[in-house]
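The structure appears right after this line, and notes come after that.
Order of writing sets the labels: A, B, C and D. Residues in every chain begin at 1.
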Amino acid sequence: MAELLSLHDAVARYVEDGATVCMEGFTHLIPFAAGHEVIRQGKRELTLIRMTPDLVYDQLIGAGCVSKLIFSWGGNPGVGSLHRLRDAVEKGWPQRIELLEHSHAAMACAFEAGAAGLPLAVLRGYVGSDLPKVNDQIKFIDCPFTGERLAAVPSIRPDVSLVHAQKADRKGNVLVEGIVGVQKEAVLAARHSIVTVEEIVDDLDVEPNACVIPGWAISAIAVAEKGAYPSYAHGYYDRDNRFYKAWDAIARDRDAFTAWLDDNVHNAGGQS
Amino acid sequence: MAELLSLHDAVARYVEDGATVCMEGFTHLIPFAAGHEVIRQGKRELTLIRMTPDLVYDQLIGAGCVSKLIFSWGGNPGVGSLHRLRDAVEKGWPQRIELLEHSHAAMACAFEAGAAGLPLAVLRGYVGSDLPKVNDQIKFIDCPFTGERLAAVPSIRPDVSLVHAQKADRKGNVLVEGIVGVQKEAVLAARHSIVTVEEIVDDLDVEPNACVIPGWAISAIAVAEKGAYPSYAHGYYDRDNRFYKAWDAIARDRDAFTAWLDDNVHNAGGQS
Amino acid sequence: MRTDYTAAEMMTVTAARALENGMTCFVGIGLPSEAANLARLTHAPDVVLIYESGTLQTKPEVLPLSIGDGELCESALTTVSVPEMFRYWLQGGHIDVGFLGTAQIDRYCNLNTTLIGDYHDPKVRLPGGGGAPEIATNAGEVFITLKHSRRTFVRDVDFVTTLGFGRDGKGREGVPNIGKGPTRVITDLCVMQPDPETRELVVVSLHPGVTREDVCDATGWEIRFAEALESTPEPSARELEVLRELKERTNRKHAGE
Amino acid sequence: MRTDYTAAEMMTVTAARALENGMTCFVGIGLPSEAANLARLTHAPDVVLIYESGTLQTKPEVLPLSIGDGELCESALTTVSVPEMFRYWLQGGHIDVGFLGTAQIDRYCNLNTTLIGDYHDPKVRLPGGGGAPEIATNAGEVFITLKHSRRTFVRDVDFVTTLGFGRDGKGREGVPNIGKGPTRVITDLCVMQPDPETRELVVVSLHPGVTREDVCDATGWEIRFAEALESTPEPSARELEVLRELKERTNRKHAGE
């Protein structure tokens, strides 16, 4: 049953050094506030999972929290590279990180399989791609009915998933609305989960088939207003595309990045 | 792109003798009007697929349309047996039908896999059950990552699926709301699909994540008011539980059934 | 047996008491549904009821006739597709207890809802497995409730639709990622539990007024009784009142009044 | 080259014209998205645009900066989860054409968006595959659009992120349930198509004012030209107007005005 905690306490309780951590949100509802709290608490040697690392993982990598990244597309969407990711991969700053690289289709299926409690996902994927040559987690199986060769990847089962959503009710039931990505899967596939929300309401007031994650499937709820900024929350605030563009210059330079991190995360008190 | 047809024309065009036909709707939105049109047009030697055969398949079986049934629970929910199904299986009236029997979990996964374009579904299922002994379509595979033995079943790929939904807009986009069952999967897994709807509207007027099937993924739309009766349509009319109870007596007796079929289907003109 | 409640009421109340507040329960239609909703309306207001039609955390005012009555959706927290229900919620490991009925049960708790007789030439064709085969293996544990008779309690089921502990009691041994299986069977006569060693069903509690002989007469094998055989507590006045009101509401609704 | 439109505009308009009305198109971000939306706003109002963020049949007023801008969801018929997008809509066979950009392309249309140099010690680390590997194999056919240069058009890509026709042009032969693969490549200089036999890219149409030499200079292998080499039709005034308005609206929006 979801417990209502401060973001500080939720991260302190569930995110351990060395853990496999997933922060999801497909462009929309990216859990920046939660990521910043992980940085502030100085978590180390994390294996991060995320389809599209985005700025939040660039920041975690640059802050030295990360030793391994499992992902399928690592860029600043519509802008260019993630310079902190590149600096870590190409130059080992602040530390070298290991990459385990998939396609979106494989990761999406691996999240689905994780939520479904299965050890593997099967997909018609990776045909002719070199990715299976550099990722030994990609295997192939033969369909016992048709003989077709299909790709298989291990399901994703994080130690803890952190996602952001619009709102929760007082029992911890959460509404995710708009581009829902793989957030529900990330929560269901994980051993523990923290959901940050814009607000707590009396009644979610939703249609019968809305994407609602029951409180009993979540470990902790934490209120984080504008917790997805500079990503966005459908119905609350827009994506700050200007910040995404500005990030390119900040992240390109180690000193500029470090100064930004000090000002906006380390010294930003509680929820930034 | 969905074409707006009369139910008669849609069934005449897409349901062929000998075809594999799926009429879905999990208790809710069962396509009775479409099933009755199939009976009226005297289709023969159909392989019917459906998780819960319900009264509509009892009627199709009793009317002699069916040579094979793929299913996972064949009863009159909360009432008892499907007597026409039993009469066909136990006594061969009006003809013997072949059964291919699954569990709900396996069929649900097989629908999912069919919609996903895969030849097989993998699930943690059938452990210790005798069903694999009587259904040679149930196989087992070893997970290449963990070695765990998992069940595999062929995906469901009907020639044509018939489902009922609340409404369509003028481009044939369909809203399914409430207990959505495996209807979307049934449509997406099939080569052709017919969706009957309560009404055509200008605008579906839905939330961002509503269960909407785009018109370009559907072959034909036909208006069938009360087309799910005696099942129900969330937001339109309730399930007629009295009829479900009354069916027990009608279906128990071949003559009573034949008279009912004449009065309510064969001689009921167009959409019953 | 006392006269102020029926054996059926005794069964339902006892089955309801097996559910603890806050449990997530995958509910079979019929007797399990009646018991689960009684639990929700009495001692376990936060029990989470899940029906295979996709209705998560539902709170029906009346008992559903089918597994997918509109009431279940209207009173649910949310309603998901049936593939999602079986994949994410059941197989995904979110169900504490699966609550099942059955047509036949044997001494090792195997359930038969497929047929009586031979599969290819059945004497009686039953509805089939439905959700039970995977509920019984993917839920944390399983409660079973059904009326006690020699027709239902047989030494060996004609067909193992749904695994209890297998033909030899060892059907779950060495199987990874499987639930504990049946932990109690509640009938109109008694409560049974599998022996911790052999997995054979043992009567652990007799309902008030029921004798060992009553149970033996209604069971198709030589049923054993626990050394510390208990007497099942009687229904409380409140439980009976809530149950009767629930059934009356239900009958009125399904008669179309 | 004429002066009343740019080479980039010529590329976008030509790419847009490749889409037919009513096609379902899985749209990559950047140039493909620009072209696909231009098509929708001009000759193909019923083209169905699908973005991997889950937005089905979307009609954004401005071009999205990311693949998941709010605009895409707000103007979509409906928005599904990302697993559903890849499983039901792409792998399920509902996509006529996948429209992709790339960092590198080779003579057999293989795409590299992973890295330059060696995988374990890269000179430049690129974003990675994203949706492309399965878009390119599960869509009915694939259009590719990118700027022409020796940096992007290489004889052999450093890494096959996404299959065109493989290292030898035979990568799709004998593979069941696979799309036709790339059927045209549209750049700021020309249009190319794979040779029907060898699958090697052949220039089939030069944009107005572009010479064979221009293309050869910008291509990292000895590119061939079709015998019946055509001249790409120029953009119409309406296409240019709609494109410029679209880009202006987009710039205003993303600047936060």
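One rule holds for everything that comes next: a contact is a pair of C-beta atoms (placed from the backbone, for glycine too) under 8 Å apart; a residue touches a chain by one contact, two chains touch by 3 or more.
Note that the structure is predicted; figures quoted are calculated from it, not measured.
The chains in contact with chain A as well as with chain B are C, D.
Farthest chain from chain C (centres taken as the mean of C-alpha atoms): D.
Between B-D and B-C, more C-beta contact pairs are found at B-C.
Rounded to a whole number, the gap between the C-alpha centres of chain B and chain D is 40 angstrom. Computed centre separation for the pair chain C/chain D is 57 angstrom, with centres defined by C-alpha atoms.
The distance from the centre of chain A to the centre of chain D, with each centre set as the mean of the Cα atoms, comes to 28 Å.
In chain D, 73-74, 79-80, 87, 91, 138, 177 are the positions where the chain touches two or more neighbouring chains simultaneously.
Residue positions of chain A with contacts to 2 or more other chains are 112, 117-118, 123-124, 148, 178, 180, 184-185, 206, 208-211, 234.
In terms of which chains touch, the assembly is arranged in some other way, matching none of the line, ring, star or all-to-all patterns. Of all possible chain pairs, those that touch are A-B, A-C, A-D, B-C, B-D. For chain A in complex with chain C, the touching residues are 1, 112, 115-118, 173, 184-185, 188-189, 206, 208-212, 214, 216-217. The part of chain C that touches chain A in the complex is made up of residues 22, 24, 48, 56-57, 73-74, 76-80, 87-88, 91-94, 138, 177.
The part of chain C that touches chain B in the complex is made up of residues 29-30, 52-55, 64-70, 72-74, 79-83, 85-87, 90-91, 110, 114, 119-120, 122-134, 137-138, 159-163, 166, 171-172, 175-178, 253-256. For chain A in complex with chain B, the touching residues are 117-120, 122-124, 137, 139, 141, 143-146, 148, 150, 152, 154, 177-178, 180, 206-211, 234. Residues of chain A touching chain D in their complex: 26-28, 51-52, 71-75, 77-79, 81-82, 85-86, 89-90, 101-106, 108-109, 111-112, 123-131, 134, 148, 178-182, 184-185, 211, 232, 234, 238-242, 244-245.
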